[in-house]
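What follows are several structures.
Consider the two complexes below, in which subunit A is the common component and subunit B and subunit C are the respective partners.
The block that comes next holds the complex of A and B.
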């Protein structure tokens, strides 16, 4: 009897959140899935159901298959790997007993509080070919007298947006990793020290394995965020020059919102979703074993 | 817990995170003045007004008040909305059968809306007498498939802005044609000091337009008459693009790496006094006056080659088919084209007048800048009115950028772009049938 009451109570508590999620998350997702297999008009409303035209149109687009998809994969891989490596160093450093550690932690978190659009606009200005401080410093320190126009050439522009992508991902990632580090009991390290383990051995044998669940979450979340990240690229380059910095989500905006090919937009949203889902499941399958044993 | 449970949990996590609404790139600014409680039998007219700048809202509020004072039986509701969000909002309203009665739209949206049969042709509303009051070419922007679909509300053209001090130092006058452009740009160019002869746009929206200035000046055209084929890769087009590429790479008189500069980027460069010449619109002199009042500048027509041209843009005030009180809505339109009001509009927003009476006013004829732009207007060309214009422009922009980056020759880049555009045209033609 009591158990039944508890269940009812639990359901009552869950209901508002469930309703909200259904309305603002699940419904739009299902609607997108539905519209992607419909004929879609130029107003974006789905018409006749049951066609793969939208996906065919996408597959027939050379730009999408030969440029946008590879660029998206490079963007995601480089930004996530770069972010994880740098954030690891930052987290390890902040976990040490440094003077002013609290202040440093706050500073690392600060960029997170800034809107991505503003960050991207500031970087656009910093990278300005003639008036930007980046090239100003390069000239002032005599590193080069003819610094490049960062956003003008496809390769440099792509490298630039990737660097900014890494920069904005560090606060979140290093905070998550730091929390993971703090959860590792100190006595493990003390025991290892007594056994004469080197810093690298301690990192390999204690830190990494115990950090694994946190690393898993950090990688999965970062891949999702970065894969879907719109503002940085759109503000800095709008996908240019010559489409060379577009990723799926900016291409989706260009195709669906600007050019109002909503059908292809829906198809891209579904592809993105499917990719991320498969990635997350496979990744957690491969690397989630350790804590399966522990749970 | 099994591996499957973990995998499912992670999958759910993805569902949640990936489903969260992304940051919107643009934001609707406010919702406009609230509608006063509609008393009794006043007929309502809803006007969705795209915002030109911060003056739009107060201006529209004033118009609303004045009109309602003169017409107490009509209740006008003007909602001011940001341009970028405008088309989306309009599309949503149309899809929900809740279109406003009036809206000011970009001319490039017109074919698309007209094809949806939601725009009211105004042929029967505009009297011969009223038509006479407009400068004829300004009405062309709303002429689509034999009907007049709207009235011009924000006319503009483009001209060559010259930094007068830089030109004077070099002992030059504004160039009239391509040869002189090269000569003047060379004389003013001083890359060591960070000063460049001519600004070339290569990034973001309207990169293609910057090339049309040269295409049109060389007698070229973008599409053929019935919009079934791309003709911009004609010898005239290739020569025009080659000239742009030469300005960058052969004569080296532009800022280096134009693909880093959008229109705003060029305007900033001009404002900082480091650009001798660039092509842009009438809004720019207002910015110059406000931001760098000490900068001496001169206006000139866009340098000609075989033809003297400029680009004309007219946003249009349209009425929707679904409007229930067309007479009331029309009454408002007539009120809106009051010469005094339109002069105030021109002064407030820096738009060129579309009414002859306003164009002949002392305010316009007494100003050098206004007169120059008005004199250019008859040479104005419109971009083709095609429902897929945005997509077409993106393809052309890609070709222009490839040539600027020298990853392709002008001929190859334009041929490839023409092929892509032809595919879009064929597709659109097929749909129309």
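The block that comes next holds the complex of A and C.
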């Protein structure tokens, strides 16, 4: 009796959230998959079902296969690896009893509270070739009189957006890693110290293995966030110069929303899903094995 | 963690350049926001403006409809906050307090939504919202509030479920025995106890909506409905080299959310990192 009343009440209480998530998340996912194998009109509504034309169009596009996909992989790999290495150091440092620790932690969190768009706008100004502070400092400090146009040269533009990508990812990642570090019991380190282990040995033998589940989570979440990251590139370069800083999601936005090629856009969204799904499966397989090992 | 003074010095010296790199854009933003139109385009950069121009923060409201953009951002952020509360509080109560079949799958389904990014669904949402006529005139507020709420909901529900779980059932049962309904027990007993959780959820929803970009870029039909995140980068081309005004606007748009973030930082960070670790 009580169980049934609880069930009815739970249904009523969950209804608003379920409605919202169905309308804005679950239904659009289904529509994306469905529309990717349909003919799609210029308004984005799916028409005749059962065609692989959208995927064929994508596969036939040299820009997509030879530039966008490799750039997406480089962007994701470099930003995630850079973020993990720097955040690991930041987390280890913040786990120490440093002077001004609370202030240091607040500063590290700052980029997290700032809108990605604002961050990107500040960096766009900072890297402006003639009026930007970065080149302004290079001239003022007599490092060079002819500093580069950072966002106008493909390789420098790509390096710049990658650097900003790392900059914005550090707060979240170092926070997760720090929480993981704080969960490692102190007596393990004390015991190792008594046994005469060096700092590096303690890091290798205690910190890394115990932190491994947290490291995996941090890597996976970062891959998801970075792979899907849109505002930084869109504001700083809009994919340019000559498409050299586009990644799949920015290219998808340009093709679908700007150029109204919705069919190809849906196909790219499905490819993005597929990539992240494969990644999540590999991850949970790794993570699952990890759990078994520990038992 | 125990470590020698040598190690601590190593970490401290290593951390300092990173702290400088993190603070640098903020320092440059502040410096730029205070410069005169002549100094901002000078070929050599100085951190301390020659003659600081605090008037830029007033001037920027005249040079562009910044007040209107603030209003748009505020409407969207507060709307999102209210919708998230209305959906997350009952959902968290059901998940944390009621026994019903399918509890775990429901929780899992809610949390999975965090794995999706708005950008992948933007095309489907764009075509749907266009169909409902939501992308015309002021109705784009509704589109933005609904979309932003869905993306803040998972974390809000997760956070509140955690808070509700920390309150002993006896507290609530006492209220029920005293003749309160379930609803009264929730609003008069449980929510006041969980105030930090409710406030954190509100601020999280507000910040999420305030800082959001992709939905706003896509759904907003005209200049007058633009929130700050869409308006500010559009100045980059529009207002030529008036970087001092752009930086003043960026600073004004950033300060409120940074303050809010720091207010609930501890609760927020605990919730987010617990979500990632468990």
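Here, the second predicted complex is superposed on the first by the 268 of 295 C-alpha atoms of A that agree within 3 Å, B and C clash if a C-alpha of one lies under 4 Å from a C-alpha of the other, contacts with A are read in each partner's own complex, and residues count from 1 in each chain.
Convention: contacts are C-beta pairs under 8 Å (C-beta built on N, C-alpha and C of every residue); 3 or more make two chains touch, one makes a residue touch a chain.
If you're wondering where the values come from, they're calculated on a predicted model, not measured in any experiment.
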item: Partner chain in contact with A:52 - subunit B first, subunit C second, else both or neither; value: neither
item: Subunit B versus subunit C as contact partner of A:231, first or second or both or neither; value: both
item: Partner chain in contact with A:42 - subunit B first, subunit C second, else both or neither; value: first
item: Touching partner for A:240 - first (subunit B), second (subunit C), both, neither; value: first
item: Winner by number of subunit A residues touched, once subunit B and subunit C are compared; value: C
item: Contacts of A:29 with subunit B and subunit C, given as first, second, both or neither; value: both
item: Contacts of A:285 with subunit B and subunit C, given as first, second, both or neither; value: first
item: Which of subunit B and subunit C A:276 touches, first, second, both or neither; value: both
item: Touched partner set for A:151, first subunit B, second subunit C, both or neither; value: first
item: First, second, both or neither for A:259, with subunit B first and subunit C second; value: first
item: Footprint overlap on subunit A, comparing subunit B with subunit C; value: 21, 24-26, 28-29, 43-45, 115-117, 128, 130-131, 221, 224-225, 228, 230-231, 234, 249, 253, 257, 272-273, 276, 280
item: List of subunit A residues in touch with subunit C within their complex; value: 3, 6-7, 9-14, 16-17, 20-21, 23-29, 31-32, 35, 43-45, 86, 89-90, 92-99, 104, 106-126, 128, 130-137, 139-140, 167, 170, 172, 175-176, 178-181, 183-184, 186, 189-190, 193, 199, 213-214, 217-218, 221, 224-225, 228, 230-231, 234-235, 249, 252-253, 256-257, 262, 265-266, 269, 272-273, 276, 280
item: Subunit B - residues contacting subunit A, complex; value: 1-3, 6-7, 10-11, 13-23, 25, 88, 91, 94-95, 112, 116, 194, 202-205, 255-260, 265, 268-269, 272, 274, 387-388, 390-391, 394, 398, 401-402, 404-405, 407
item: Residue ranges of subunit A touching subunit B (in the complex, touch as defined); value: 21, 24-26, 28-29, 42-45, 115-117, 128-131, 148-154, 220-221, 224-225, 228, 230-231, 234, 237-238, 240-243, 249, 253-254, 257-261, 272-273, 276-277, 280-281, 283-285, 288-289, 291-292, 295
item: Of subunit C, residues touching subunit A in the complex; value: 1-4, 7-8, 11-12, 14-15, 18-19, 21-23, 25-26, 28-29, 31-32, 40-46, 83, 86-88, 90-91, 93-95, 98-101, 103, 106, 109-110, 113, 115-117, 119-128, 130-131, 146-147, 149-151, 153, 157, 182, 207, 210-211, 213-214, 217-218, 228-230, 232-233, 236, 241, 243, 246-247, 250, 253-254, 257-258, 260-262, 265, 269, 272-274, 276-277
